[in-house]
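Some structures are shown below for you to check.
Below, chain A partners chain B and then partners chain C, in two separate complexes.
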Partner chain A sequence: MALRRASPLERHPLARLVLGRLVVGIGTLLVVSILIFYATEVLPGNAAYAILGHNASAQEVHVLEVELHLNRSTIAQYGSWLGNMLRGNPGMSLAASLPVWTVVKARLINSAVLALVSGLIGTLIAVGLGVVAAARKDGKLDNTLSATALAVTALPEFVVAIALVMLFATIVFRILPGISVLPPGTYAWQRPTLLVLPVASLAIIIVPYIFRMTRAAMIEALESDWVEMARLKGVPPLRVLARHALPNALAPIIQVVALTFLYLAGGIVIVENTFAYPGIGQGLVNAVTTRDIPVIQFIVLALAAFYIVVNILADVAVLLVTPRRRFPR
Partner chain B sequence: MGTDARTGSRERGDSPPADGSREGTTRRDMLRTAAALAGAGGLGMLGGSGIASAAARASIAAAPKRGGTLRAGVTSGSSADTLDPHTWLTNADGTRVYQLFDSLLAFDKNAQPQLSLAQEVTPNKNATAWTIRLRKGITFHNGKPVTADDVIYTFQRVLNPKKPLLGAANMAPLNIAAAKKLDALTVRIPCHTPFAAFAELQACYQYFIVPVGFNPKKPIGTGPFKAQSFTPGQQSTFVRNPNYWQRGLPYVDTLVISDYADETSQINGLISGQLDVIDSLSADSIAAVTNGGGKIVVSEGGSYTPFTMRLDQSPFNDIRVRQALRLVVDRKQMIKLVFGNYGQIGNDLFGLYDSAYDHALPQRTQDIEQAKSLLKKAGHEKLNLTLVTADIAAGSIKAAEVFAQQASAAGVTVTLQQVPVSTIYGPNYLKWTFAQDTWTYYPYLPNAQEALIPGGVFNECHVNDPAYNKLFKQLAATTDPKARTELTHECQTREYNGNASGYIVPYFQPEIDATSSHVHGLTPSKTSNPFGGFDLASIWLS
Partner chain C sequence: MTAAARRPRRRRGSGLIMVRAAGTRRGRVGLILTAIVVLVAVIGPLVAPNSPTAFATLPYATPDGHLWLGGDTLGRDALSRVLDGGWVLLLMASAATAVGVGLGAAAGVAAAYLGGRLDSAIMRIVDVILAFPQLVFALLLVSIAGPKLWLIVIAVGVSHAPQVARVLRSAALDISERPFIKVMELNGVRPLRIMASEILPSLVTPIVVEAGLRLTFSIVVMAGLAFLGFGQPPPAPNWGYMISENRVGIVSNPWPVIVPAVLIALLTVGVNTFGDAVARVSIGATGRRSELALASAAIGTVGGSDERLAVGAVLGGEESW
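This part shows the complex of A and B:
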């Protein structure tokens, strides 16, 4: 009898992790979708009231309720929504009477661009500064950077955004657009100047967190025995920093970067609002005002899916940079 | 209404804004203007012809330029934005709809209904039938001439029994099924009941003439601009209608209207040069605009935000309580605190710019002693009230706070229950015992029909005063202007005395718009609709 061969999943802890997380993730999405449905149910009024406004008579509201199938029970509404969703059809927007995808597509892409660009720029700056600060621990530069970072963490998003607008768009200089309204049908990258201030605001907000974590992790790595050893061997300082210390500090940095991206998914809402940037933040506010359940569902599920994916990616990345955790003990 | 009142004040372009400007300085402004005119006349005399030189000066001061793109930023939009002229709701919608469509009558800058697409709108003797004759030679955006069929179709669409649109309730007396086309431009519509308000209602925001078979997805109207693109909740682009029937209008070639979430981003857009005109600012924002080089245009109009007391519920079923609460309000202090230097005080009446409005009723002022004695007589020396408030209009919540403060002087404890707008206008709307509502400007009769008559669509105070109902029935059937004025005064007296009204109307709120310095031709409107009564056609850029 041949030896039982380990199943592929057992041999690949990485694949097992991803698969497990995906299953849990899909379950989470399902729960989230039920919660959203009931949450919108708790709000007074419905899409018909919201669309027709207070000028509508009871008869007009009733006609629209029938048109939008709002007269059915919540469970029936949820059932047909879920059925359509499983067939890949997120349904129609109640307010705009257009397919949800048509309403949301450009907004999702615009928000993704904003979050990614600011996340990447912020991460690069923060990690760079963190490494430098750790290398010059307790020096003048380190002290200045640390104090500034601490101060900036105390600032809410809209304060940073409005300060930048006042500085570069309205009161001091008028060199950059103060609002980032994109004509419908165009994407953010077609008007890069409109991205400058929103990206700068978000980058300024996220840099301190990543910076502080990078600095701490690097200091810990730099004080370790193996770095001591490398120094004693006469490895040049830059090489010590890049090859010996940084790789060992990566795990916590990856965690905080992932957290930052998760924060960005929610945090861009406020910055988008300040700049009137046509992203999902504005879309979600719009949808809630009009009780547009299919659009709310789609946007919130997209955000939830983003959370799940970023978490999985972060775990995978951490596994990849810490080899000892890749194998079952 | 029988005469050809000319095409509204629009053609005059940059007319002096004295008409709609704020109450507080009107008298002084008028004196100053009079002095200036006298001076100009005197100089003109010396030069030979006073009139000619004044006219020449005016044309130099206001020589509108053609062309360019006007970028308007509006709040109040959402993904429920629509271009359907018979279901529009918000100021964002109105700003768009008014560029694409015209109605039979329209409000001029003084909130007076003037003939627009119609050349004649005449009732028979007891207002049981109306004859409408259209202006000759007007075409829709697609080149089709406007005819009597389109008028009939418009009212059929609004009154569709299967799907009545927003304006249906006010047009209920119209017997549209019996409408008769007299010739290509003339139609006669009989009414189920006497309907004297028909003509002035045509200016009331919901009765835009659309072509037979109208499709809101391809919004074709007669307005100064044609629709080019539209994304609800974001932006629309309109282009100049070269065949517009009001000669010379509009001035700009392209009009871009964008939705904004709040006034901070509106103002940032204006100051950083990405927007030319913005609407509906709060008084607190004026300094930010002027410091940034923008211009402010304030419309002192007839919109009001009343406190609404239900006449059929305790304690407001006692007229003494209602009158006492009207007496606790220090109206001057209230507008000072809520709107700074703007706003006009109210006298618990509406229809401010209706020519029949009763200005002879004494202005009600704060009288705590009398309020206290009325409450005592009513057995409510210590009165506890809950006032439902929401951000329904500029300054509404602030006004509620001021009211609570002022009422405490008379021993009335007002607890504010602040709710979201969607809640105050949710399923409980028109059922609150004590709340706020906001009304755009209407002439007296249509406003009363909605607010004070049993069965009125917005009779939120549940008013049912037999004497008033009788007067109102008479008024609705009266076409003679003098008789109408007298009846209106009688009606308003019953409101003022508290018999037929549950409203406290402490003020009429200002509409504050702003433009950048190169924008001209935006003049205030007493309708208090944004952009001088949605009048973007008169705006030009230098």
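This part shows the complex of A and C:
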């Protein structure tokens, strides 16, 4: 059999992977968008009824349906809806009578700040603690940390948030604001004190997961032959930890960090509502309460897109830290 | 029939895995915590001194000898509301867990055993549902039909199914390849029967571990939805909603917030700790006891966006290329 020259994509498995994932991701997002569209616009209790209330006359409903293009076939409706979304025009908020983008833009930024800051702080603390616990496996510190992690893992977000409010904002101390209302036109980073408790709540929730996986991955790596070899060679313990064990534990750590960011997409809903923090989580709950369908559609779609992007990034990162996985055997 | 083809004798006690877990220290702690809360929720409505919806005192009145937890936001008896506010939450969380584990197990086993197009179709559906955060998925459904309790149960259940399906699919893949299944196929046993009476019973252990994990998440999500106001309509008491409705009066009378929060926390921590004990016992039993296997069981995933780079695959060291 003649040797075939590898195509550029075959020679760059990373590029191939990213491309493949992008295609699958866009496909998934398309299906998600269909699901969101059908769920919110086509099922009984459609937008016209949602706006007018259920005792609206048939005449009123018809007028509004024409206005919202609800009288066209569902496929045509979906087509124009998707077209508008892609052109960056997600429609008008029914509750605010403003373009959805105007309503949601500041919220998106605030939520991104909240999720990113909590994710980074949580990851740093958890990986640090996980490495220390693994290095001192079954020691006193490890046992304490592991038991605490097991308990905290299961706590609901709002329980942690309320406990923090009681501790730092109301009953015990009064050193931090218990709600994080931002004046319109300001962004979260302009008022760092307002970010402290929401960030702390989310960080406390995510640390146990990352800690547990880091600890486990490090223990596995520390028990391996190559670490044994390094020790026997007389490599200093810290260097064994950082240069020999940690790189081999990175893949599962990256995966769990990715899962954590995915979790944050849902976790912000509760935390933002607890602190009245003006992000998309609070926006979503407000929109569900007022049945503001265009806003619901946009936020849910944005969260789904975030999920897909994080997944692709995680896969790429895992490939980068595990060279042997880059090539099929 | 050769020895290899004979079906493996079911490990005695694989159905009794929960009993063995309860024997461990961790399992006992989890069970006791859970039992305390379940007892409060179940017996509570019978022993509540007052009606949970009647006005008994001033809003946020401090506790006294008569009303042990004082008054809530409208001056109702906080203790009676606590005692009556748990059982619906528990029922809904259990029902959602049953829906999620049932759906997920069926989908996972079917995908693994029947394979081919059905497998890829099921796993694509799983990917789509996974793109919604659980709470957001439930909120989306609630936005369509309003906060109906059955709808919330189904929404939370369905949002669990993809993770369950992934975990059980990878467990079922392994069993589908065993010789005793091949022998049954050659004997003409129908696929549905093989799945129902051979594969599913072999998966009891992972199903129990999954169920524990999903129950924890169900309680967290259900209580979270109630906290956001998507639970039973007021004035019905609900631990989740009590926390948000009484938050404003936290300085005058913190008890209507503290007690429900502590009960929910004890419940989720208890269930999760017991689930962890079950996972430890089961992984110990299958001889794959490793910290990584335990951690991934605790996070409840075989992970990432597809099998090749799945967390489980990376963790288990299985080469899945």
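As a working rule, the second predicted complex is superposed on the first by the 286 of 329 C-alpha atoms of A that agree within 3 Å, B and C clash if a C-alpha of one lies under 4 Å from a C-alpha of the other, contacts with A are read in each partner's own complex, and residues count from 1 in each chain.
Heads up, the rule we're going with is that a contact is a pair of C-beta atoms (placed from the backbone, for glycine too) under 8 Å apart; a residue touches a chain by one contact, two chains touch by 3 or more.
Everything quoted here is computed from the prediction, not taken from an experiment.
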item	value
First (chain B), second (chain C), both or neither touched by A:Ala287	both
Which of chain B and chain C A:Asn273 touches, first, second, both or neither	both
Contacts of A:Thr40 with chain B and chain C, given as first, second, both or neither	second
Touching partner for A:Leu303 - first (chain B), second (chain C), both, neither	second
First (chain B), second (chain C), both or neither touched by A:Ile162	both
First, second, both or neither for A:Val32, with chain B first and chain C second	second
Partner chain(s) touched by A:Ile312 [first = chain B, second = chain C, both, neither]	second
Residues of chain A touched, compared between chain B and chain C (which is higher)	C
First, second, both or neither for A:Ile171, with chain B first and chain C second	both
Touching partner for A:Leu222 - first (chain B), second (chain C), both, neither	neither
Contacts on chain A seen with chain B and repeated with chain C across the two complexes	43, 45, 162, 165, 170-171, 273-274, 285, 287, 289, 291
Sites on chain A touched by chain B in the complex	43-45, 49-57, 59-60, 63, 93, 95-96, 103, 162, 165, 169-171, 174, 176-179, 181, 183-185, 273-276, 278, 282-283, 285-287, 289-292, 295
Interface residues, chain A side, partner chain C - complex	21, 24, 28-29, 31-32, 35-36, 39-40, 43, 45, 150-151, 153-159, 162-163, 165-166, 170-171, 209, 212-213, 215-217, 219-220, 251-252, 255-256, 258-259, 262-263, 265-267, 269-270, 273-274, 284-285, 287-289, 291, 293, 296, 300, 303-304, 307-308, 311-312, 314-315, 318-319, 322, 325, 328-329
Residue ranges of chain C in contact with chain A within the complex	124, 127-128, 130-136, 139-146, 216, 219-220, 223-224, 227-230, 240, 243-244, 247, 250-251, 254, 257-258, 261, 264-265, 268-269, 271-273, 276, 290-292, 294-296, 298-299, 301, 303-306, 309, 311, 314-315, 319, 321
Residues of chain B defined as touching chain A within the complex	78-80, 87, 89-90, 162-166, 168-169, 229, 231-235, 237, 256, 258, 260-262, 264-265, 268-269, 271-275, 291-292, 422-423, 425-429, 437, 457
